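Both complexes shown next keep chain A, but they swap its partner, so chain B is in the first and chain C is in the second.
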Partner chain A sequence: MSGHPENLEAVDSNRRKLMVAAAAASLAGAGLNLVELAMAKTSSEAASKLVRWGLLIDTQKCGSGCDACVSACNAEHNLEDLGRPETDAQWIRKLDLVDQQTSHVDSLPMLCQHCEHPPCVDVCPTGASFRRDDGIVLVDKHTCIGCRYCMIACPYKARSFVHENLANQRSWSPRGKGIVEGCTFCTHRVDVGRTPACVEACHVEGGGAMTFGDMMNPDSEISLSLKSEPSRQIREDLKLNTGVRYQNV
Partner chain B sequence: MLLRGLACLLMTLFTSVSSADWLDIPRGKGEQCIEPTEIMRKQHMEFLFHDRDLTMREGNRSIRHSLVDCVECHAQTSQQQEAIPINASGQFCAVCHEAVSVKIDCFSCHAAVPDSSPGYSGSMNAGLPESVNALMKKWAAMP
Partner chain C sequence: MSHHYRILTANSPSYYVLALTLVALALLGLGAAHYMESEGHWVTGMNNQIVWGLPHVFAISLILSASGALNVASMASLFGRTIYSGWSRFSGLLAISLLIGGLLVLVLDLGRPDRLIIAMTHYNFKSIFAWNIFLYTGFIAVAGIYLWFMFERKMNRHVKVAGLVAFGWRFVLTAGTGSIFGFIVARQFYHSSMMAPLFIVLSLSLGTAVFMLVSRVIGSLSGISMKPEISSSMMRLLGILIALEGFLVCVFYLTGLYTAARYDVVLFIIVNGGIYTFLFWAGQIVIGTVMPLYLIFLTRNQAGAKARLVSAAISKVIGGFCLLYVMVIAGQSYPQLMFPGKQVQSTFFDGVVARYAPSWPELALGLGGVSVVGVIILAATRVLPFLPAETQRVQSS
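Then we have the complex of A and B:
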């Protein structure tokens, strides 16, 4: 359970260092402060270490039959249903967790958790799996050799391997045979100040269960919720410090 | 003598390739490419390699040399108003690459036709209900 304040402190273990750095910078008369530094980037700026994108999912608002987020993701990235569920790409999926004792069902979307200490990056032999400065974990598809070590290392089964030739890729979402892929937190949207497709869909067609934002900005909606309400990471025992947090599971 | 003859032959070959007048290359939509044609002809790959890393690794979306923009400007439309893949035979990329026998691998992953999805190229969060739009705008303003 990570509802208490010291866990918000732990949202990013770099944060304290950064705050100190920012304080030092403003003391030095550079006129910088943390709030200014953490402003949204413009489309031409590089992703900043002072931002960490996160997603908070309230499972109580997430209906068991609802798959608005999944459909939105599939449409956004053109993850086509090839009729082969074992191998079809899946960047976000719905899980129903049933309590064996009480039969209570919790429904939640599972996707790449954008770990601060991502096992997929640890095992990648080529450097293709990497973590962007703002915490988004991606595959550099030009470098990936399709060895699939990362798929085995990921505790959340968050990645897919493309087994066949594809067509009709989106211009913002290149995908191809022989390469591993997973949720990108919709970097093409986030980089221009929009929210991921699943989050938008959840608010339009679903239960409004998702909150997206910067976990390093203490005033953002997601940080305020994380601070005031209980939430947890799935498999928190692994200490990966995930960027996706869940409530009411 | 033989060597000089060979050098001469090679030179002629290279000049003809680099002038590329003998190839029927479809024209782009714009007046002028973002770099001089002679430079683009030789260095387009280096430009693309450099700028793709800026976008993918750093999230910079305002790069100068973008494959998406190449496709946007250079892909042709058929008489039935359908987009023709830029790497299809006789199309912009294919003409030179076929002439010099260099395989293009870009389009096994990248879109070979311009994207016309209104959700993406339209204004930010267009088409969302007002309440959701307001929420998304608020989050965008307050990262």
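Then we have the complex of A and C:
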């Protein structure tokens, strides 16, 4: 038994170094996941009003044949192609626009525009359609009764109704037969500091047409782009103040 | 003028055939709803484009008819037309039954009908739909109290007040139902302040026609028939209401043609909308408007008065149903205007007229709702004196 105090201190010091090294190693080993976990909001921590998530889409960079964003969304949320296009859910879709006067063709993704004044929220009888403080418009899947009034009311045709029994659901994106759903801006990713699946795919496989970020932060990339370059909202006549903006359309 | 009332005492084979058919159809409708709920709505003709289909046309028809069916009671207790008093109890019963039938169809078509309790406990008061939940359930209560006052001799003196409340409630209810569509800013065809008055007048005409038909059926089962002066008075009322409705339809469509944003969809419906154009002209205008107006105002054949009344009422019911079918389905099938001046293409049926073919389960659910109305009436008239007793007996030939 080594009872000498100096020896004990040396042992303690070594132990401390070892523990720090072990912690650093495990942190490094766990990688991003732990960082995400550390940054993640607790369940009691609400989305902040100081944030307004937004998406800027530069249609000049959006290729007509490219559907990387659509595929990524479908994979992320397991929106299966059941071979019934009229009832299959589509949270994001590609639109090709041909100008009837000039024949100019634009291509752009259409999804929930995460409006500040969403008609879907106004019309929902139970309040299942709601807007988070950070601007993300969602459906509370526990209180949606499946009346589909929000689908009638959405100016962007951005919502789908689950027409069938579901299998192989993603734990981070639970869905339910008989209720309405739509783009969530990938809250499960955004809440841990990542970008939505479509945005990530657009940068990796597509033309990098999508910029996601906080429109309330004047220094964010999206805010700087919105300030320096012209952009527009779709159906701006409705004054919904959409969270999704388009450039060059 | 005091009236006597009686219960339905029919025991004829036709009564039992009718009752059994209605029960069977109601059960079939329930089965269809169960099928739609357990398989999911892909088994219906509805989809992500046409989200409201045939069940909604049935439900709205029934709900509007409910409000209009109370016309007879209102005429008696509010406007002093005492010749109608004998039928005012039945008018109240029919109104409540129609509303229950319509609500059943609406609820059973929900994606989650099992969550009805949520619809009754969670309200977003900015939603017209939420208001309508109150307006519909409230209507049943108001009409129920109105009926109670009619039945209970001690409460008879309050009938006029109850009638006034019910009358006002009907206007708000049908305006609210029209506003479900009228407040939709996303769709050019729906977004119109004309929706509320159009639905109010449609409810008055449709409800009157439904009352005329159902009272004839129940009358023939129980061996009583409506006094000729009541029939002819109701015919004239129906004619005026149909003419008024025709006027509002004209205004609705003509103002649509005047507005660039609505021009395309209105033109689609009245000119090149295929089945919708056919239903608009043949169903809504010819059968539902021109024919009953001709039968009511331009035919003077007294001998065929009953046949004219029945034909006019049937035409109106068909026409009203067609009006709502065109309104609900064609209004959704025409593409939404997102990019004016652009031709839009997508995998989600943007820019194209959405297809819709009603399915058997939807039809069964709708007819089930209609049958529930019949079952309630046959059962209720058996146990309580809803029918007039002093009207003339049908001549047995």
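One rule holds in what follows: the second predicted complex is superposed on the first by the 204 of 249 C-alpha atoms of A that agree within 3 Å, B and C clash if a C-alpha of one lies under 4 Å from a C-alpha of the other, contacts with A are read in each partner's own complex, and residues count from 1 in each chain.
Please note the rule applied: a contact is a pair of C-beta atoms (placed from the backbone, for glycine too) under 8 Å apart; a residue touches a chain by one contact, two chains touch by 3 or more.
Everything numeric here is computed off the predicted structure, so don't read it as measured data.
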**Study point:** Simultaneous placement of chain C and chain B on chain A, clash or fit
**Key:** fit
Check your understanding: Touching A:R194, do we find chain B (first), chain C (second), both, or neither?
Key -> first
Practice item. Look at A:K157 in the shared chain and tell me whether it touches chain B only, chain C only, both, or neither; answer first, second, both or neither. Key: second
Exercise for review: With the two complexes superposed on chain A, say which partner A:N165 touches: chain B (first), chain C (second), both, or neither.
Suggested key: both
Check your understanding: Given the touch rule stated above, what does A:R235 touch, chain B (first), chain C (second), both, or neither?
Key -> second
Practice item. Scan A:K61 for contacts with chain B and chain C and give back first, second, both or neither. Key: neither
Check your understanding: Which partner does A:I179 reach: the first (chain B), the second (chain C), both, or neither?
Key -> both
Exercise for review: State whether A:D214 touches chain B only (first), chain C only (second), both chains, or neither.
Suggested key: first
Exercise for review: Would you check which partner chain A:V51 touches, where first means chain B only, second means chain C only, and both and neither mean what they say?
Suggested key: first
Study note, to complete from the structure: Shortest Cα gap between chain B and chain C in the overlay, whole Å, is 11
Check your understanding: So which bits of chain A does chain B touch that chain C touches too?
Key -> 165, 176-177, 179
**Study point:** Interface residues, chain B side, partner chain A - complex
**Key:** 52, 54, 56-62, 68, 71, 108-111, 114-115, 117, 120, 124-125, 128-129, 132, 135-136, 138-143
Revision key, fill the gap. Chain C partner, complex, touching residues on chain A are 82, 84-90, 93-101, 106, 110, 119, 121-128, 143-149, 151-157, 159-165, 176-180, 234-235, 238
**Study point:** Complex contacts: residues of chain C adjacent to chain A
**Key:** 37, 39-42, 47-49, 51-52, 110-113, 115-116, 118-119, 122-124, 126-130, 133, 180, 183-187, 190, 332, 336, 338-339, 341-350, 354-355
Study note, to complete from the structure: In their shared complex, chain B is touched by residues of chain A numbered 38-47, 51, 130, 132-134, 138, 140-142, 165-166, 168-172, 174-177, 179, 187-188, 190-195, 199-200, 203-204, 211-214, 217, 219-221
